[in-house]
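To keep things clear, I will list the structure first and then write my remarks on it.
Letters A, B, C, D, E, F, G and H name the chains as they come in the text, with residue numbers starting at 1 for each one.
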Amino acid sequence: MRPDPGRERRKGAPEVIFGETKETAQVIAMAQALLAGSGRAIISRMRSETKEALLDVFRDYTIRLREAARAMVISRPDFVRPDTGGHVGIITAGTSDVPVAEEAALVAEEMGCRVTCIYDVGVAGLHRLVGPLRDLLSNDVDAIVVAAGMDGALPSVVAGLVPVPVIGLPTSVGYGLGGKGMAALLSMLQTCAPGLAVVNIDNGVGAGITAALIANRVAQARKHPLR
Amino acid sequence: MRPDPGRERRKGAPEVIFGETKETAQVIAMAQALLAGSGRAIISRMRSETKEALLDVFRDYTIRLREAARAMVISRPDFVRPDTGGHVGIITAGTSDVPVAEEAALVAEEMGCRVTCIYDVGVAGLHRLVGPLRDLLSNDVDAIVVAAGMDGALPSVVAGLVPVPVIGLPTSVGYGLGGKGMAALLSMLQTCAPGLAVVNIDNGVGAGITAALIANRVAQARKHPLR
Amino acid sequence: MRPDPGRERRKGAPEVIFGETKETAQVIAMAQALLAGSGRAIISRMRSETKEALLDVFRDYTIRLREAARAMVISRPDFVRPDTGGHVGIITAGTSDVPVAEEAALVAEEMGCRVTCIYDVGVAGLHRLVGPLRDLLSNDVDAIVVAAGMDGALPSVVAGLVPVPVIGLPTSVGYGLGGKGMAALLSMLQTCAPGLAVVNIDNGVGAGITAALIANRVAQARKHPLR
Amino acid sequence: MRPDPGRERRKGAPEVIFGETKETAQVIAMAQALLAGSGRAIISRMRSETKEALLDVFRDYTIRLREAARAMVISRPDFVRPDTGGHVGIITAGTSDVPVAEEAALVAEEMGCRVTCIYDVGVAGLHRLVGPLRDLLSNDVDAIVVAAGMDGALPSVVAGLVPVPVIGLPTSVGYGLGGKGMAALLSMLQTCAPGLAVVNIDNGVGAGITAALIANRVAQARKHPLR
Amino acid sequence: MRPDPGRERRKGAPEVIFGETKETAQVIAMAQALLAGSGRAIISRMRSETKEALLDVFRDYTIRLREAARAMVISRPDFVRPDTGGHVGIITAGTSDVPVAEEAALVAEEMGCRVTCIYDVGVAGLHRLVGPLRDLLSNDVDAIVVAAGMDGALPSVVAGLVPVPVIGLPTSVGYGLGGKGMAALLSMLQTCAPGLAVVNIDNGVGAGITAALIANRVAQARKHPLR
Amino acid sequence: MRPDPGRERRKGAPEVIFGETKETAQVIAMAQALLAGSGRAIISRMRSETKEALLDVFRDYTIRLREAARAMVISRPDFVRPDTGGHVGIITAGTSDVPVAEEAALVAEEMGCRVTCIYDVGVAGLHRLVGPLRDLLSNDVDAIVVAAGMDGALPSVVAGLVPVPVIGLPTSVGYGLGGKGMAALLSMLQTCAPGLAVVNIDNGVGAGITAALIANRVAQARKHPLR
Amino acid sequence: MRPDPGRERRKGAPEVIFGETKETAQVIAMAQALLAGSGRAIISRMRSETKEALLDVFRDYTIRLREAARAMVISRPDFVRPDTGGHVGIITAGTSDVPVAEEAALVAEEMGCRVTCIYDVGVAGLHRLVGPLRDLLSNDVDAIVVAAGMDGALPSVVAGLVPVPVIGLPTSVGYGLGGKGMAALLSMLQTCAPGLAVVNIDNGVGAGITAALIANRVAQARKHPLR
Amino acid sequence: MRPDPGRERRKGAPEVIFGETKETAQVIAMAQALLAGSGRAIISRMRSETKEALLDVFRDYTIRLREAARAMVISRPDFVRPDTGGHVGIITAGTSDVPVAEEAALVAEEMGCRVTCIYDVGVAGLHRLVGPLRDLLSNDVDAIVVAAGMDGALPSVVAGLVPVPVIGLPTSVGYGLGGKGMAALLSMLQTCAPGLAVVNIDNGVGAGITAALIANRVAQARKHPLR
């Protein structure tokens, strides 16, 4: 990956370094390039040895850790994270879906959104969902990411209840036929609920960016209504 | 298919002639063999020309039609359908699931069960489900078949709410990736809900037999408690 | 399908009758129910005999036809289609993708959006894309649907260029391995481009609803900035 | 997983902690929550380090180990396991199917059933099956779980012989095309035998719950025949 | 297909013209070439119009029809079918498997074998199998073809019982997941029974040739023991 | 696996202990049971620790090792391996196919056959094949196993050239799409060559048994021609 | 499809109208656009009604028909087909592969190549291949397309023998598992032979263009050696 | 692998030892055989222990290492690598595609080509592509290999722009549905771009050989124009 300084400006979305398949040295080089450009580097799914190395190399920078997502944000002291006023909701069906959901949360925050997380609301416990969902809506949430593995039913349920766009985020949870997120993804693609779009299995970064793009666009309209 | 007169006695479940892939002459011959044996022949998914021929050939017999399932029951005048006292509930997510559900209903009735049908309750309309489900339970339903295509979420929802065994019946409704019942079947196999077992896509007959076997066993226990 | 009069109000998205797998009588009944409720019925992928019957039965209503999508909108004379001020762009890679794209366009229009269509821009002809895309952006498009079959590369290209959310709509165009939209869907799920979410193969209705939900939310913020 | 104290009462089935993908600390926290609620915690597929930790942390509780299933039941001293009078049979095709079968057995026992296990009866050795099956039936078995990998033929054979519901439990045994339980699952779904429903590959817990729900319902009818 | 006159001599197996995908004119030309070469032409899965044309064109030849397999053997008046003394058994699980089984029977007969057919012995009716199988063995059968669709369990059962090679012939019978012969083929590949080899779904010709090659080799050894 | 002493007599094929998925203690117990029965135990795909243990435990028995197949034959001193006079040929496309081929060779030898191995003859080197194949045929080979991974073309080529039955043995060699033996298996199932039947990927034992059953039947006919 | 007049000049390859999925009116409009541009329109897989219409509409143009490929070339009277001096060989395994091969031949010819076709050379008849292949090479063939369905073995065999690039063209011939060209494509992808690249199933146009691009480049080098 | 000394001469392409699945001793033996034959041995995807051993064993030979591809070329001191004058371009979409691309580069170089590499040009950064591509063309590149994982869009884009043959090389980069190179391969097979042929996932050697065969043929024509 050669950093593309123009992309963040053009797209309104930061590049994220996917740490899982990269050597520590590669991650460091990419982070330095991004820091030199936009002033901030986001790394997801760090290996533990990479994390230690980054903490050491960038000890003079501002570091923000998100352990569950094995993610880190490094920023130059002078970097000011935007505050757009957009509001993104992130919901998970189970605890196993949390790491991927946290990726989405981190990215949406770095794109300037307020993020509200509601974790571990299974279909079996729909009664747990109603209250928090009502709170989200009354707080003007602009887009909602719903992460689910296994049968992946929760995003459809949420999309059937709320008048905002929902991003289905299948997670690689499940076993046997339809396991590793396959049934979850297929269910979301087959949904009868209106207004549900999906990203690939475990693509928390993609879900977060899409939700934040929506929220930021709404927030911008609130600020510049005449445009 | 050579009719197996002992099977119905041994299993407590009738043989059902699958009409879709059979010539009219084959269906007539099989029906005659079953009538000579148990006194009753059940035919599902009849071609329309087969239906006409059967109505003609067996005009001296008692005929029961179930149009939606393209099914027919032919019985000798002296045949007495059992009345076991078992109670089976059959629920569908949408209208497209009804033909397959009707197959299940027909078979359960022919096995002597009372059958209560609740059709067209989607996940999007869960509020429609609560009342009828409460009625089913207060009427001592013994087993519930839930038919669903598309994302196949309804059986999991039902299984999460009721204390009786649920048979998931995926239907070949849906398109694109996961279509033709595939997502529905996978979702049911991936369910987190306890007590949900499944049959193959569109296997209404199998779902009906399984539910009726359960219900009849319970009913028998009610009648012969000391056994 | 039992019409759910509350859904349109709750979700801000109309129910659409999928005509391809339904009998004419079923479609008429559903249309009547929707007309009695919201005052409007939308039917997609009508069979030709259904279309003739609808034109006859509803000859006293306002009819709007969209031939390419085999779609029809029937509305009561007193029905006033909303005008939200949202703006949705719809782009196709080839001519074969147009029918599905038209479904998306129709639904977005019925949800009150302005819709701008740019058809037949293949990856091989990217130079054809740049101008119209610039026009879309300078006209404050809020969300873009990109329909593509075959290799499905166009949505990624568009998502890499624009700062608004993109909905990838794979179409069942293609043959051999990866045909019928499979390669297109997989490519969109594997995209490196930020801010691309997808719906199932040929799900024009779903893509249109999602895009319109986004656009309407932005438009609402423009109108009520203080909220 | 947030424990749902109402579920066990509502469903008549306990929650089971799936140990394989959870950290020891997570398992301990969940077990504590379940113990505080229902007075009992069931853990399946424990990692060995988790097992040691649980034995230590809960040394003042009653512990029941089932090594083959890598399962443990922890109960408060005052917890009284129910005894419903239901009777579940559990059969395996080979020795490799035993661990998954043991999961089913454990769960059925914890739900109050008597469980009879018949292990290692392959299709190649059908003569080994007849005697034990006759014993099961003469002891009023209410439901039978049949676990099989490879070609998965045994559940169909059993379902063809007995008048009680059979739950097919495919196991991830097998190699090459159709391996890891795929052929077993497909065979069970394609069965010609009446009254066979299935759960997903290796889902011993689900099979056990379904069988116990059936058996408990029958047992309850025996006790309360007038209801 | 250009006829290869040397192949039949080299392989001891005739070429068979697959009629289903060929024009009538192509079939006639191929048949003429084979008649000019070996003196015999075998056509399987003829379209009905092809059959009529062949009966007309070759009315001066000896014609042998096998209706169930839609097969025809045309031979020059001077052609003498071999009589090798080999003995092939052909068993089917159901009636739907008969057409494909008949293909195997026809080919084995044309290769000079005695063929014994046992049709419609399902796994559910194993007791029907024992007697005929004992007869086959006491008549020195050299190889057995077992055709089965659905769950494809019968070939494994037979292979577990007899000391001769068994050729599993999956048929495209079945629906839903694993349908069209897929589950049948996978089950046969996963078999635990010794001495079961398989051919592709519906490949009756291939099964017949393999079984006849075995039988003819054994028969030859009987005739020329000293070799 | 409970040893079935009758099977070897009934089938003429020994049971083989599949070592890869079994604990050393299980293997030892099974070996002891087989030794007590037939006087011989065959173990394939031993783990290295199992091999050491077996060498120690059975140091008073006759041991035969086949390193490439990670296989061992343990026999009682009084056990006499049969010598049937059957002749099996075993051919591999590459060196990576040898371990699986050696399994087939070992089993055929233990069933009393003479085995001739021709290894590493790829399709690219067909000229290497002709001579050895001619030798095989002039030495009255009764059946040929052809092991191949990658594109799996060799079995078809051999089956097109020889008048004896050929058993295709796909091996899990290959990468990318169609890798792990999938393309090899599919190619063999799609063959145009007459007289080719297949076993599952890496099922060397099954291929060896089938070939030996054929060869032994021929050999028996040579010895007892009048039967 | 909007015709792209620059493409043919830029790429050296003509656009081909795929007739199978297009209305007659669409094909006529596209043909007119291409004729106006480059002076020539190529249509493949015409429906029969389209063919009749084209013959009528373009009766004043030069028409070239290729029946087997259902293809037509329409050219303005003043159009001069290039003659590059490139030489492409096209080989098929069977007769069923000819229509797709003819597509490749037609396209290569229209790109200015000399095309030599060798049809119906199966793997079973490799001796038929050697002579024509030697002729091809001694006539300086620049690239060879090999079309094959079923097991798809022929392209590997050819690529193993010749020192020129080979394009594997799988055809949708075959049935059961691996049918419709799947096994053929996978085999070609798994080939051990050097210098074999593939196109998708039935993509005769793509194979022809690739082969002609290679041949034309070589031919150009022959004409302009100093460049 | 028995080395085939004639192949390199016959095909104009060297044999490459695939190190990943071979023992060090096997690799050494093969390398010695190839060195004795052609004077050069190429090893790809060496394990690290194999690399060390080779460096030691062949310390008197000329060694060329290509670390990214884990590849090594060993040559006898008297071996002279050919210099054909052919020119191959190699492009990658991302950094993760480089190791596989390097395999292609190495092989093309060893076949005597000049190789120009352009790495890390994603679809998102098409503007980075235009300049280097123009350079390639103005330097008379004869064939281009384009390596891409994820959505695999780059090869189609390149093939749409250049008049030389393009070899698509999908790499096993990507996750979730369509991951491990599957979406990349399918996209390339579905391409609308003319003149794109593909090899299997990660088959860098195959792509390099095909490109070099093309380039060498062109170069030869430049040198011997009159032939």
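Throughout what follows, a contact is a pair of C-beta atoms (placed from the backbone, for glycine too) under 8 Å apart; a residue touches a chain by one contact, two chains touch by 3 or more.
Protein names from UniProt, one per chain: A, B, C, D, E, F, G, H = PurE domain-containing protein.
Predicted model, so just to flag it, every value in this text is computed and none were measured.
Between A-H and C-H, more C-beta contact pairs are found at C-H. For chain A, the chain with the farthest CA centroid is E. For this pair, chain B with chain E, the centres built from the Cα atoms lie 38 Å apart. With centres defined as mean CA coordinates, chain F is found 53 Å away from chain A. With centres taken as mean Cα positions, chain G sits 44 Å from chain F. Under the contact definition stated at the top, the residues of chain F that touch 2 or more other chains are 94, 124, 160, 176-178, 182, 185, 189-191, 200, 203.
Applying the touch definition to all chain combinations yields A-B, A-C, A-D, A-H, B-C, B-D, B-E, C-G, C-H, D-E, D-F, E-F, E-G, F-G, F-H, G-H.
Within the complex formed with chain A, the residues of chain B that make contact are 94, 122-124, 126, 150-153, 156-157, 160, 174, 176-179, 182-193.
Those residues of chain G lying in contact with chain E across their complex are 94-96, 120, 124-125, 128, 173, 175-178.
For chain C in complex with chain A, the residues that touch the partner chain are 10-13, 140, 142-143, 160-165, 167, 189-191, 194-200, 203, 206-207, 209-210, 213-214, 217-219, 221-223, 225-227. Residues of chain C touching chain B in their complex: 1-2, 4, 7, 21, 26, 170, 172, 181-182, 185, 200-203.
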